[in-house]
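Both of the next two complexes hold subunit A, though its partner changes from subunit B to subunit C.
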Partner chain A sequence: MNKTVNQKAWFFVIPVFVLVAFNAIIPLMTVVNYAFQETFGNNVFMWEGTRWFKQIMLSERFHASLGRQFLFTFIILFIQIPLGIAIALTMPKEGIGVPVCLVLMSMPLLIPWNVVGAMWNIFALPDIGFLGHSLNALGFDYNFTQQIGDAWFTTILMDVWHWTSLVVLLSYAGLRSIQPAYYQAAEIDGASRWAVFTKIELPKMKKVLTIAILLRFMDSFMIYTEPFVLTGGGPGNATAFLSIDLVKMALGQFDLGPAAAMSLIYFFIVLLVCWVFYTLMMRNEEKS
Partner chain B sequence: MSLELKNVEKKVGLDTHIYRTNLKLQKNTINILLGSTLAGKTTLMQIMAGLDKPTSGEIWFNNENVTGMKVQKRNVSMVYQQFINYPNFTVYDNIASPLKITGVSSDETKQRVGKVAELLKLSGMLNKKPNELSGGQQQRTALARALVKDSDLILLDEPLANLDFKLREELREELPKLFENRDCIVVYATTEPSEALLLGGNTATLQEGKIIQYGKTLDTYNKPNSLVSAQVFSDPPMNIAKIKKSGDQCSFLQNNIQWKTKINIKDGEYKVGIRPHNITTYKEGNNTLEIKGKVLISEISGSESLIHFTNGNLNWVSLSNGVFQKNVGDEMNLYMNTDEFVYFDQNERLVSNG
Partner chain C sequence: MKKAKWLVPTIYIIFLMLPIYWLLNMSFKTTTEIINTYTLWPQEFTLDNYKKIFTDSTWYTGYLNSIYYVVMNTVISVAAALPAAYAFSRYKFLGDKHLFFWLLTNRMAPPAVFALPFFQFYSSVNLFDTHVAVALSHCLFNIPLAVWILEGFMSSVPKELDETAYVDGYSFWRFFFKIFIPTITAGIGITMFFCFMFSWVELLLAKTLTAVAAKPIAATMTRTASTSGYELGLLAAAGSLTIIPGAIVIYFVRNYIAKGFALGRV
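What follows is the complex of A and B.
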């Protein structure tokens, strides 16, 4: 049979290409444009090469906010993943409790970010907030607007409150998909509750937990709105995570070149960590 | 050794899953629970194992009341329809898992796992993880786990249902061998009559939570005590028709086909059950009574051909040897073996099996 070469099918790709161009390629290339040039407005650009990248990579301010960012993300993953699994394990498996728990769990996820920040700001105010006032009344010297430790504590508590539900819902879905026969088989073997958790539940939840960790990593690594409303990055720069620092540089100081370079570095860090993590987690799955 | 269910009943809310049941299983027997989905096979097995408690009634094992005793304390193994293995363990560790918990020495474990792995043709894959195996091998691993610990009671809940046809045939032929020379009671649930016939032993036919009949597999097949039992133990489904007997003459009420019978029952109206393989598309041996049929569906299963046909209000299936196809709507002659007819009274109890 004679095959004729026909490339017309490529036209079908055009709508997708246009869409992706507008929502990803064009904005990203604009940033790339700024990252390699200096501008004084009026569309006057001067080539700067990799100068901004070198400046950012060597800047102590960037190292500090990157360090804070990793520390924050690490802490919230360390709390939210085990806590989420633990809550999912204790949730009811049948009856009226299921929808009640699911709705209660979903509530924090439905609240807009800036509202969460504002809520916690008021909640934690040392003089009039319920949390802040109570802590002080109990004898703790608590003031998240002035003390670094308190600011971190409040930010982490807020994020745990806001996002642990996501881990719970994903873990719960993972747990529910385990066939009852697995539990029976373990019961027949006389396996302990801990053995059931480590030998059946955890391995069976592996994929869904990978997704949960990836989502929580990306979200927390790019966190902006909630700490911006809660602490504004303060006291000082104590809670100025990467995105808060980036916005300060871009819109506060109007250093568009370095800010653009920082955006790209930021983007590649997220991409790299996700890729490495996913590859490691799925390495054994690929074999089968 | 024996397992006895005494007046066992299981209710969940208002639903009765198992109606009052009495059953005694003897040692060194294979006992088949035969019934369609939701007949109560799984519930019954879970009660036998101790995974589930009966609402009322008692379970006795070796003349000891074990009702409510935890499954870990009973020496039981179970194989499921789904391939249940520990996902992170190798095949070796999976097979060894029941032994580890009971504290068998590592030398003995090694020897016993090796033996059972050889029996189930798993020797070459002891270091693999379950998800690297085919479905058949995964189920062999689960079987090995059940066989390795010398259980008193081995329960198999439709173990072949999730396998493809070839693997099912292969494993099905090996199964009776696996249970030979084992000092235990085997209970095997299946929806397929052919599996029951192949495994032999005893068969209990179940429907809607009731045990209809229990006895030697061939007896249950040949002498169904009721129409329901006969239907459960027939695949494709048994053909049924109303008949009238007067003297030694019988005839279908639907048409005027008549035949002579030697059976000794009162004159009157009865129901007759005819297994599909007693209706063939060719005249052969005792398959001589002719019936006209219009082809509804024609299908081939293995080396046999199924013809669904109608005759008046009758809607029947015939099963013949050989592979052939008929056109839908064709009129054709089929031949029945009247010696194999099974007669039931108006209450659907067996009156004569030919």
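What follows is the complex of A and C.
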């Protein structure tokens, strides 16, 4: 749509600007303030310069939680994206099956995140949970509160349970937008199922898949509540992802300076990815 | 090959339903049964857990608090986003792209980054432990969300509609309320659904900003779990009840949910 230039449009944007600024700029300035100072309580502050940033960047604890975060995000993307596409491809295209699938598959997306954690906790407990009990009955030595591998397995399985449906819904929407003529043409040419997938379906899904990958990247990068309720970051620090570690530092130990510096670094990483995504998306839109 | 096609979604749905079933199963059991035996369905079927929730005010006020701030947030977000989305979809103005990007960054800010400053900020303006505080703090991610979804719907309305109305002598506001808003009711409904949903599932900020008076149900659950030992049946019942609002609304928006995610969660 060709838009007209109208500077008065700013008046329409003011309520949104004020509300979001109230929530974003003032608290963010507080964080910046803490990041450069040392406090001994009683509102006494001393200028510290970039000391906290150096401390965080060099701390093993930050490297460890950042490493865990990237590993986690990479694993869940690697599972959820192909799995989501596969399920979307096999979903019914018409009839009663469509609403049934859509409603049932969306269920996990609407459950409060701590309930997801609590639900998986009682589902996976080795003595009374269905998953834990079954795995132990099958001869696996499974206990997610004690063993690091099991804790990771459970956290990843929970995230796959919670979010794969998002990828399914997006891919399904992308698939539905393909005109039947494409499939008819492919049939006339005698194209194989694989060729139809790589030459027609995948290119048509490109846009929604970009969205899906970036959504999953961002949301898994800020994951907090579900693993916090499920494992509490444990055993030890094995599943303490960035957010969990940050909240521990800020609200648990009240190390405001380092926590603030870590917040800013964390936010900067997300912002960087966000910017890359935004430019990519805008370029796509200009092309089409 | 063709016949086995329904297998994949079926297995997936069974996988999705298992933990939910287990939660429901637990909620109908007595505490002794949960702790002492492993049963696939309740042996002594009981509704005591639900009875406790509906009669004990510490429990049911949690639900009321959650619904109260979620509804408040939905109304604020949509009301503020409507004119802004219109401006973004119809006009070019100074800094529009930067503003849009800035809104986008707020959608992506990890709530953990904001937890501590929010706590201090809302305490200093005397809003700590009020519904308004939670409703306002959720605007951080729900307003950008509402702006994007609405902008998507508004951009699909042809501009000729506006122009014809002006030619017919409508003033801007009369056009906006009498003609424009009725044409995008579906979009507004979906936006409200998504705002409702994301405010409903968020816990970190809601928990940080409340203590007693406005405590959400989800926080009641976590605190019970850690203080009064293991009342798993009660916890399971409370969890099962939090699924219901989502399950109801999702039925109404089932055909739009993918579109909403695609538009709004970018």
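Keep this in mind: the second predicted complex is superposed on the first by the 256 of 288 C-alpha atoms of A that agree within 3 Å, B and C clash if a C-alpha of one lies under 4 Å from a C-alpha of the other, contacts with A are read in each partner's own complex, and residues count from 1 in each chain.
Here is the rule we use: a residue touches a chain if its C-beta (ideal position, glycine included) is under 8 Å from a C-beta of that chain, and two chains touch if they have at least 3 such contacts.
Remember, predicted model here, so these are calculated numbers, not experimental data.
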| item | value |
| --- | --- |
| First (subunit B), second (subunit C), both or neither touched by A:Gln179 | first |
| Broader residue contact with subunit A after superposition on the shared chain, subunit B or subunit C | C |
| Which of subunit B and subunit C A:Ile188 touches, first, second, both or neither | first |
| First (subunit B), second (subunit C), both or neither touched by A:Lys199 | first |
| First, second, both or neither for A:Thr4, with subunit B first and subunit C second | second |
| On subunit A, the residue positions that both subunit B and subunit C contact, one per complex | none |
| In the complex with subunit B, residue positions of subunit A that touch it | 179, 181-182, 184-185, 187-191, 199-200, 203-204, 285, 287-288 |
| Complex contacts: residues of subunit B adjacent to subunit A | 46, 49, 51, 71-72, 76-78, 80-82, 84, 86-89, 97-98, 101-102, 129, 131-132 |
| In the complex, subunit A residues that touch subunit C | 1, 3-10, 12-13, 15-17, 19-20, 22-24, 26-28, 30-31, 86-87, 90-92, 97, 99, 101-115, 118-120, 122-123, 127-131, 133, 161, 164-166, 168-170, 172-173, 208, 211, 214-215, 218, 221-222, 224-225, 229, 242-244, 246-247, 250-251, 256, 259, 263, 266-267, 270-271, 274-275, 277-278, 281 |
| Subunit C to subunit A touching residues, read off their complex | 5-9, 12-13, 15-20, 22-23, 26, 34-35, 38, 40, 76, 79-81, 83-84, 86-94, 96, 99, 101, 103-106, 108-121, 136-137, 139-140, 143-144, 147, 155, 159, 197, 200-204, 208, 217-218, 221-222, 225, 232, 235-236, 239, 242-243, 245-247, 249-251, 254-255, 257-259, 261-262, 265-266 |
